[in-house]
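Quick one: the structure is below, and I'll ask about it shortly.
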Amino acid sequence: MMAEQMISVSGVTKTFTNNGKPTNVLDQVSFDMKKGEIVTLLGKSGCGKSTLLHIVGGFLKAEEGTVYLDNQLVQRPTKKCVTLFQQHNLLPWRSVLKNVGLGLEGENIPEDEKKVRVMDAIKLVGLEQYLHQFPHELSGGMQQRVAIARAFAMQPDVILMDEPFAALDTFNRYHLQDELLRIQTQMKTTILIVTHDIDEAVYLSDRVLIMSSHPGRIFKELEIQQTKPRDRTQGDFLYYRKKILEQFELSGTNKAPEYMI
Amino acid sequence: MGRRELMNLGKKILNFSIGMLILLLVWQIIKIIGDYPEALLPSPVNVAHTIIEMIVDGTLLVHLQVSLGRFAAGYLLAIIPAVILGMLLGRMPRIWQIVDPIIQVLRPVSPIAWSPFIVLWFGIGNMPAIVIIFIAAFFPVLLTTVAGVKKVDKNYLKIAENMEMNRLELMVKIIFPAAFPSIVSGLHLALGSAWIFLVAGEMVGAQSGLGFLIVDARNTLNLSGVLAGIIFIGLLGFILDRLISLFERWVGSHWGISS
Amino acid sequence: SPSKQSSEDNPTIKIGYLPITHAGPLFLGDHLHNGQYDGYQVELVKFGSWPDLMDALNTGRIDGASVLAELAMKANELGIDLQTVALAHKDGNVLISSNDIQTTADLKDKTYAIPHKFSSHNILLNEMLKKNGMSYDDVNVVEMTPAEMPAALSENRIAGYVVAEPFGAIAVAMEKGKVHAHSDEIWPNSYCCIIVLHTDFIRNNKEVVQSFVNEYVALGKQADLKGDEVYDAFSKFMKVDRAVLELSMQWISYDELRVDEEEYNKLSDFMVEMGISDNPPTYKNFVDNTFIDGAS
Amino acid sequence: MGRRELMNLGKKILNFSIGMLILLLVWQIIKIIGDYPEALLPSPVNVAHTIIEMIVDGTLLVHLQVSLGRFAAGYLLAIIPAVILGMLLGRMPRIWQIVDPIIQVLRPVSPIAWSPFIVLWFGIGNMPAIVIIFIAAFFPVLLTTVAGVKKVDKNYLKIAENMEMNRLELMVKIIFPAAFPSIVSGLHLALGSAWIFLVAGEMVGAQSGLGFLIVDARNTLNLSGVLAGIIFIGLLGFILDRLISLFERWVGSHWGISS
Amino acid sequence: MMAEQMISVSGVTKTFTNNGKPTNVLDQVSFDMKKGEIVTLLGKSGCGKSTLLHIVGGFLKAEEGTVYLDNQLVQRPTKKCVTLFQQHNLLPWRSVLKNVGLGLEGENIPEDEKKVRVMDAIKLVGLEQYLHQFPHELSGGMQQRVAIARAFAMQPDVILMDEPFAALDTFNRYHLQDELLRIQTQMKTTILIVTHDIDEAVYLSDRVLIMSSHPGRIFKELEIQQTKPRDRTQGDFLYYRKKILEQFELSGTNKAPEYMI
């Protein structure tokens, strides 16, 4: 059992101080992820999803609690766990090829193999026609593909994604969700996705962690037992959707006044 | 160059010509209305004569070369350390907090005010002009580089951490390119102010250069020479500005920054 | 002061000057009379450099000035209507060299500083070189702000300089340089600064100009005595040690301020010879001795 | 002022003091190493004496007032028409295309080069300094205002269209406030360059002011006076810069622009 | 019948020239809207939705075709038809109160009445607590509410909305969609909404106009016969959802390669 555990978060607590007022953003958050699992963190804007992801990735220190990655305490970011941020994932001054290759530049592997790995990753997301394009010459969807390719090129144990498809239009989003599932089936990477989109959570994940706000807690865990690929227009899908919506109404935060940014 | 760009260039040249024509007209009108003698305000025709003379006898070329040489020296000597220092200081907020007020106190002092000390340390000839251009160029580049480094998107730094980059890699692969558009806009700014101080620089003990040309003409009460010098400085400054603007636009388009 | 009220409607002569010993009688007058005279006032206007002064003079912003003769002549040649009413002083210039220059020949290929192309200093340098069988091109002549000359000399940026006082004396007092030659050894009774006024101003204020010249001559005689009041006056305008001023004062004289035709023509010839003027104004056109002759 | 802000201010003052201390130290070290006589490089102590003397006998106050008066006059006279003209020209691209090259050719010319003509038209005394400060402040404000007006978000203009605003309303309610942050950054820029040219301005025929203080001290070989003047110019420039920075930050926070 | 027609678009064609290459963005688009109707324009990113909305609003001229608003030819924007843009709808230098009041400032009505109308609109969106706040002090959802309040305060015949809720998180989006329906039921304003979100189209509109890309055409019109308020988790909802998705697959553009921006 323990060997299968990829990520283990326990008792993570985080407080931010804004204008002198401390706010408890994360309160005693704990969860585990098995190897090869896709888990989504679902919650409203400002509930602390990104903060939690940053702590898992090693970018932020929690005040309390620990994060283990493959049974090793996470203290700083490593190449074993690649994070895709909410925005600005690509270096705008590098072409697609060089962006995808970034993670391998420091690696101690032969140049030829690097090239092969980079090209494989680019083919995986179907961008072999755009090798020498720069990010700003690509559409939003293509940019996200480049970021995904870069993550997979590094062959990490875990990929953390922060609302990876939120900025795309519905159709592009559907498309990329399908791609991600296809690639993950092939590569078996463990993926933690942050989202506020219920459909996305249901469509992509093996397990959904529903977060409540103020303070951020894992309110409910939901296993999605449908097989993949799933049908967005089918009854089962609707069932989970409804269940999650109910959970949010239960969590009570739906009726709370909107907080200010 | 495409047809559209060619047309664009044509339009720009036309606009420039109309602008210059208006300038000449205003000058001639002032001259006529004010009824100024040649010794106080030379006419465009006389200045044109002076300019042609200076071109024909080669003095212009000599002074131009000297000035451009000094300018290039002062400017390059300033921007290289300014960029490097700026990149370092931008990453060291503690030290910058102390260095910043020093710079902010030194910066408002006109390079001209330093001239007694510049002569003391750097003598006469090329060096004072180079030093004054250096001073004028150094601060804008340093400040914009530091500002640029400070506002590098935090995500880029996180990407670097994620890739386990070392400090040198971080500087070369992330900080420098990310701050590059800021740095270039600093270079642009610095070019402008350095060029403005060319005249001041060449006032201090220089025996040649466009600035000297103006100062010397003024000393010898040759106001049409002063205006000729002003025209050259203006036109050259304009050309330099356009060149660096082109570079800046290229950087902007390359980095995906819409102007 | 009580005298000020009564003199409110009196005409004012604005005279431009630079803070050098060559304008000494003006300083003395200001010190003794605070600019108030019988029937007129003198307002002294200080400038930072000769070109600044000339801009103001040429555009009529000041009525007259104590200015380099050559510069005034050049302005006249260019059509600015000026007349000389008196010399500002006589002699008073020294050629300074660094301590390791022994003979004029040592100056060959060295850098030598002058304040202005249109100056007697430039002529003095040329004459000195000529006297020693050298030509102007044998040294590298540079124009420099007088204030920077002592520093440049002490840092060995230049081998020497010739300029208005007290800038020469400063280097000597600092022991950074020595007197290489006195102006009277090279060009006896040399003219340097003169008092010029706009012709229009003279035409419209004949009496005032007469009294002004009278006063200037008298002040010159007093200044030439080099008494304590002279040093008091000078120290108001030039912030240098008394020792430096005393040294400077040994070289200058303020009496006999009438512009002499022979000397004037000599100056004029020098200018033509050096190529700094093609067509200098004639003595008759540029010098108006009626006032100074009326003063004695 | 909250406790945090007070602490912040305290920290800034500390940093400033450390910075100044370092500057003094460097100065003293140069003096010792170079073994310069007082007449060439005065020591900090002597300059301090000079400063105290100047404060006690009141000369400083007089010159300071004169300089600040001229500066205020030149700066205000420049920015008001520059902002108004910039708003109009920013909305008239055709005319701007012709005016722009005129400005770009005039701008690189140092205000010092114009001095013969400034004296011709504006005489001596206060006016030349005011005019030079005017020139130094006018162009940056004009250019940033035009740039600010041009980059006003198209959506704001559409909102104005939708509300059927007339031209005046458009200017007052939309263009001016939308371009305001740009205008303020232009004012900041202009403040800096105008202050730098204060010395140059007061070199031309002025009989008072901080710039004159420096030039006069230099002419009388009173280098400790020159340094005293430099210190005042530097400190005052620093203070002015901080004041307008505060204003700029206030505008930024008010407009929701994160610095 | 004609009297009931609020908007009538016929044969609208628009071509843009990018880098010298002309692209036909809209091709012969025609549709009508009845008074009080909510219609959504549904299409992928870049299909010309915003362009069409700008033409309806009078901000852009079509090369061919006409737009009639309440039987009057639209030639420039008017207060009768208020547009909410995709972004930057609020003037950042104005408080909530002054932003909402903007549209009434030129009006020839007594100050008192203006105040009442502004306050009514602000109450409608529930922001009476934030009168003196500035836009940047509000969350994204609250900002959109201010924009909606401004539009309703002007009491226009028509409101055009360009992806009004695209930038919000799912929960905020749901919330604001409900609010919009509530307000519209009360005010009976005719509303044309541009969106790429199928759920949004189904939830809000009386009629969905499905657009195809390159060139933009109205590919299909779909009447939603469910009564409002609708249940997002119900079977009927799913039916329309499925139908629309099928339409998009039929339109063939789903499989087309992504274009570049």
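Letters A, B, C, D and E name the chains as they come in the text, with residue numbers starting at 1 for each one.
As a working rule, a contact is a pair of C-beta atoms (placed from the backbone, for glycine too) under 8 Å apart; a residue touches a chain by one contact, two chains touch by 3 or more.
Per UniProt, the chains are A, E = NitT/TauT family transport system ATP-binding protein; B, D = NitT/TauT family transport system permease protein.
Just so it is clear, the structure is predicted and the values come from calculations on it, not from any experiment.
When every chain is reduced to the mean of its CA atoms, the largest separation from chain A belongs to C.
For this structure, the chains sharing the highest number of C-beta contacts are B-D.
When chain centres are defined as mean Cα coordinates, C lies farthest from chain E.
Chain geometry summary: the mean Cα position of chain C and that of chain E are 84 Å apart.
Look at where the CA atoms of chain A average out and do the same for chain E: the two points lie 32 Å apart.
Computed centre separation for the pair chain B/chain C is 39 angstrom, with centres defined by C-alpha atoms.
Between chain D and chain E the centroid-to-centroid distance comes to 48 Å (mean Cα coordinates, whole Å).
Counting partner chains per residue, chain D shows two or more touched chains at residues 40, 115-116, 120, 203, 218. Chain contacts: chain A has residues 137 touching two or more partner chains. Each of the following residues of chain C touches two or more other chains: 51, 55, 59, 145, 147, 151, 155. The touching residues of chain C, counted against chain D in their complex, run 18-19, 45-48, 51-52, 55-56, 59, 61-62, 145-147, 150-151, 154-155, 167, 170, 174, 238-240. Contact residues of chain B toward chain C in the complex are 37-40, 115-116, 119-121, 123-124, 204-205, 207, 215-216, 218-221. In the complex of the two chains, the chain A residues touching chain E come out as 44-46, 137-142, 168-172, 175, 196-199, 232-233, 235, 238, 241-242, 245, 248, 254, 258-261. Interface residues of chain D, counted against chain E in their complex, comprise 153, 155-156, 158-159, 161-165, 169, 173-174, 177-178, 180, 254-256. Those residues of chain B whose C-beta lies close enough to touch chain D in the complex are 11, 15-16, 18-20, 22-23, 36, 40-41, 97-102, 104-110, 112-117, 120, 192-193, 195-200, 203, 214, 218, 223, 226, 229-230, 233-238, 240-242.
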